[in-house]
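Look at the two complexes coming up: chain A is in both, with chain B in one and chain C in the other.
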Partner chain A sequence: MTAPADVRAPALSPNDDTEGKKVTTPAVPARLRAHRKVDPTYYWMIIPVLVLFALFSTVPAVIGGFFSFTNYAGYGDWKMVGLRNFQNIFTDPEILASYAFTFFFAIVATVAVNVVALLLALGLNSRIKWKTGIRGIYFIPMVLSGLIIAYVFNYLFSNTVPTIAESLGITPLATSILANEQWAWAAIVFVTVWQAAPGATIIYLAGLQSISPDVTEAASLDGAGAWRQVRSISLPLIAGYVVINIILGFKGYLGTYEIIVALTGGGPGTATQSVAMRIFSGFAGGDYSYQMANAIIFFIITLIISLLQLQVLRRREVSL
Partner chain B sequence: MAAVAAAGLVLPACSGAAAGTITTIRLQQNKPEVVEYFNALIKDFESKNPDIRVVQDFNAGNWVPGLIRDSPADVVTNAYSVTVADFTRKGIFADLSDLPAAAMTDPKALELINSFGQYQDSELSALPFSLAAAGVIYNKALFSQHGVDVPTTWSEFLGACTKFQAAGLTPIYGTFKDSWTLGQPYGYASGGTVDLADFFSRMPLTAEDLKSNPDVSFGSDFKIATDKFLKILGFMQKGAGSRSYTDGNAAFAKGGAAMYMQGPWALSELTTINPDLKVGIFALPMSEDPAETKAQVTLDMTFSIVRSTPRLEAAKRFVSYLMDPAVVNAYNNKFSAFSPLKEATVNANPQISGLQPLITSGKYYLNVTNYFPPAITLNNYFQTLALNRNDKAFLTTLDDAWHRVATRNA
Partner chain C sequence: MTTALTDLRPELHGPEQLDGTLQTKIRRTRREGFKVNWWMTALMLVASLTIMVPLYFTISMALKSPEQAASGTGFAWPADPQWQNFSQAFVLTNYPAAFMSTAFITVLSVLGALAASSMVAYAIVRNWDRKFFRLSYIYLLSAMFVPFPVVILPLIKQTAMFGLDNPLGVAFIHIVGGISFNSLLFIAFLRSVPIELEEAARLDGASTWQTFRKVIFPLLAPLSATVGIFAFLGSWNDFLLPQMLIADPALQTLPVVQQLFQGQFNTNYSLAFASYLMALAPTLLVYLFAQRWIMSGVMRGAVK
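Moving on to the complex of A and B:
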């Protein structure tokens, strides 16, 4: 799957070591190998991080992976149960529903965040009054914790919005959207967009500022209006940034947790439970090995998605 | 490791010559609101037992890691439920049946602990220290204003609700945005119609049980309870789905409803919001025979000693001190709870005294939520039921969820 890209650009394959080596090793000229002595400083930079990463991330992950083949409750006796946990996950309607919800949410949130962020960036990049001040205001959500934002919105959705809606006579909004099984997800997407759009906007702004003014000037001399310039000049030139935003965003929204916890707690009922929430419940629930199996499945799915996205990135000739 | 280091630092500093004879034990105490109270108890115990020092650890997160590292606390307090019973069944706790305190305790309370299963079918792994009893909190002023007496039968209760409704007053304040609050009304409805301890002892716990005993189910035994639960919800205010526990406290304290189905923990909140509020508690009658009414309790605090501790003797002395009737009664009076001892003093708190006769005569059952393993997201199911009012789907979900957990527990 990744082979063609590796042949063309072996240096771009950090995730695919074996294949990269196979292709590159014979290609390194002998004279370069003689001068391979690298300044040890670089090793001193890498090794501590490598050790810490292995100790606190890789090793626990491998241990967790091992326990997914057992019936370990988090304490006490355990025995190997083979693939039973994995089989049970595929027949557990709640786990499957949490996957469906998580992917649905990630796709909707990615689209919504990027549309909003792109519009914001285009607006903030144009020659408007008070540009710096307005930019500052739009970036405030970025420095607030998602948990705090979600608790504030929880109050707004439960109390303020229904009160206003009731006095205006809008009955569908008079009860909290968070108590509505069909629409609670919309509130979560709304808060996610509110919090995540500034980050995406910054990346789009960087992209827009990298466009040479000559190009836009030439376009306007040719008689292109604002919309035409956006469509034919800005968007194609920042396409790489769109890809970066979509990839970073999608992966982040797959792991969504704190905004849901603070807004709905997975409810109403079981309508908004994300995979991350189900996995975390295993630590308190004596369900450790079962949710570890869930985590392994989720890891493999995200890994596949990331590899696919990396392919797209390479084709787009941008690097993260 | 940390405990050993801490003990090493503490010992020479305080005892000088007698350092070698002092035993330090660790108490794992998980209720943040009583940490100070336990510090005072520990001080008193230490002055009476100069050869023992007690260190209180109030970080609940230390318990399981302590077990894994093989250095758990010597004495641990728990709100006893199916989760804690899992430790009991795995033999984590020492047998306490030979302590004098075991003989002083109400057999009914011990029965509740043992109903979750005993280690080797004979041991007593926890001693009950405090029973938190819950019932329907009612606004005394509103009851007398509308000429309503405390109901003693199910139909009297429905009559009272209808009367309040006709007067334009919300009969019961509902807060099921916080899904856990639904555990109270469902607890009353099920505890009054099902013999919970018996039912859950028949429910399958493992894949083996599932094969041998497939007939017992929520669908057959909890049908009445679920119907009555929905009847109760029908008397809650409109929009209860978007009201939280704190909203409920504020509204009820200000006279927004006649009744409120919450545990004793809400009482101090209510009187903080409105110091003039006069409330009482009654056990919700679920049948037409007043003699059948029982109170709902949780085993709010129990003591266990870790089996592997090398300081067993010191730990037993500490637990025996804590189980002294004077200590037990003082604690429960202070924290609006009930003593599980045979020789219990009557709780002086007028807010909860309505439940006293039931507790004294041993007419109580454990809240249904205590029997569910945390892997079952029971509160979310309650919320779905409250919003959709689909009792069949709810009971099927419960049975399916229970069977899934049993299947994966070998």
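Moving on to the complex of A and C:
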């Protein structure tokens, strides 16, 4: 639900509106249009969906927003407390730490996923043998549950890697990285890359395939080597796809949840607790209104990021 | 990883475009006889071990005896394959119940996503000159700016109040959550469909509903495949929503069940991995058998 948030951006541009009109106009001459009666079937097609949408998306958001100004624990009585929840959040070291971790993680994951995906796309787009089969292998993670994959890696990180490290005499790796307060995030990034890189790779592959073979042909006739072709042709021509991937990815990684649940559960201590995890704890912890206030702050931050990204998209004239 | 998957669906352009470039490419390859880059092939094969090794590991662990699983690195092939691990995990986690629950949610989510978003898109595109439909469009779009964590707490309360704290409720929220994005895809596609196609049907006396059903919906098929694949993967693998919404553990989905049974798997790793493997198997098998079809659907979503 969070994820697709950015994609509609280009559709909001004025061009789209005119495009829509262009298509519709020939259907009904302007003179008649004003008096045209809309077939009730169209209303039947859209109104039930709009009602459900309002009921399960807008209503909860508004109710939640309201309760962020109360001291509601999730049950029992409550009263208005004004902005107190918000004030407390800004001085709550645990919440601030979760924001710091979440943004740090999202930035690192975005960079790592895109570097890996770009390399994969270049490799898969080169003149390799058994192209379809090899691609087929690399895209397997896309269909697998992130939670279960993270459980598998949990075992690898906490049992297999330490056992191997011990037998090789590499003491720093002999204890589980997941129990290491300083480095547990790296394991989460690793599994995130494993799971998310194929998706980003597909977008890069689409970009690479849109490059006309004539361009690369001309370059190789001019004596450009493989590396030179990548640097001077492929990368500049797919810059737009990099922007798309970064925008789509970053937003998604801000809400990372299941991989952390299965790897560290937010630990050791609270070292890898994300904002989403803190908000979801609102019921169990009995601080519903407090976490709602947290959610509202999270919403405002992501909204600002979305608007900034929209600007970038507009300026680069990237269309999705 | 619902998010990563649903993220990958930029605006769709005609499928012909992709097929076109692919065909030229194939022709070109044959004519010019590109030389295979063996170094790169070898490199990509070696790198693909990062995908294959964890999968091999899962399979080999699932077949070990608990004693063998508890010793060594876990990479050794099981000395004496223990097939009964699967039947044990099957009974312990009540696999059939979890499978049916997951399948129920997935089927409803996919059908609902296709029906709801294609109808909304059709109504909006054909009535773009009407304020009501334009406002509906903007409303659906703006709602996508609200991240999921913001609505989840009130949503849990609300679904419980409506008696929807069950798989049906989860399917419902999956559909509602995907409507904005999926309608957007359908709207972009429908705008390129010439109205003349429908006018013939209209002249023959077809109603709006019949036109949609008989003319428009079949035209949307390639895009429906893309939307359907993402809806399928997204709801089958979803962890967050069922975990948060479904109150009765007996109705939980496959991923959530893996988490619920962590305590009982505890040190019996072979049992845990047998359970993981059975939970991963359905989508993995679908992928193996429908790989071409899935890949082309996914690529269609990514191609611009």
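Keep this in mind: the second predicted complex is superposed on the first by the 270 of 320 C-alpha atoms of A that agree within 3 Å, B and C clash if a C-alpha of one lies under 4 Å from a C-alpha of the other, contacts with A are read in each partner's own complex, and residues count from 1 in each chain.
The definition used in the following text is that a contact is a pair of C-beta atoms (placed from the backbone, for glycine too) under 8 Å apart; a residue touches a chain by one contact, two chains touch by 3 or more.
The structure presented is a predicted model; accordingly, all values stated were derived computationally and were not measured.
Residue contacts after overlaying the shared chain place A:Pro268 against chain B, while chain C stays out of touching range.
Counting the residues of chain A that each partner touches, chain B and chain C differ, and the larger count belongs to C.
Of the two partner chains placed by superposition, only chain B is touched by A:Gly286; chain C is not.
Contacts of A:Val215 after superposition on the shared chain: neither chain B nor chain C is touched. In the superposed model, A:Val81 lies in contact with chain B only, and not with chain C. Looking at the shared chain after the overlay, A:Glu181 reaches chain B, while chain C stays out of its contact range. Contact with neither chain B nor chain C is seen for A:Leu308 once the two complexes are overlaid on the shared chain. Contacts of chain A with chain B, set against its contacts with chain C after fitting on chain A, overlap at residues 74, 159, 282. Contact residues on chain A toward chain B in their complex (touch as defined above): 71, 73-77, 79, 81, 84-85, 88, 92-94, 158-159, 162, 174-176, 178-179, 181, 265-270, 273, 281-282, 284-287, 290. Those residues of chain B whose C-beta lies close enough to touch chain A in the complex are 64, 67-68, 83, 86-87, 90, 92, 177, 179, 239, 241-244, 247, 373-375, 377, 380-381, 383-384, 387-388, 400-401, 404-405, 407-410.
Of all residues in chain C, those touching chain A in their complex are 1-11, 18, 21-22, 24-25, 28, 34-38, 40-41, 43-45, 47-48, 50-52, 54-55, 57-58, 61, 72-75, 116, 119-120, 122-130, 133, 136, 139-141, 143-156, 158, 172-173, 175-181, 184, 187-188, 191-192, 195, 207-209, 212, 233, 236-237, 239-240, 244, 254-255, 258-259, 262, 269, 272-273, 276, 279-280, 283-284, 286-287, 291, 294-295, 298-299, 302-304. The part of chain A that touches chain C in the complex is made up of residues 1-5, 7-8, 10-12, 19-21, 23-28, 33, 36, 38-39, 41-43, 45-46, 49-50, 52-53, 56-61, 63-64, 67, 74, 120, 123-124, 126-130, 134-149, 151-153, 155-156, 159-160, 163-164, 194-196, 199, 202-203, 205-206, 209-210, 213, 244, 248-249, 251-252, 254-255, 257-259, 261-262, 275-276, 279-280, 282-283, 288, 291-292, 295-296, 298-299, 302-303, 306, 319-320.
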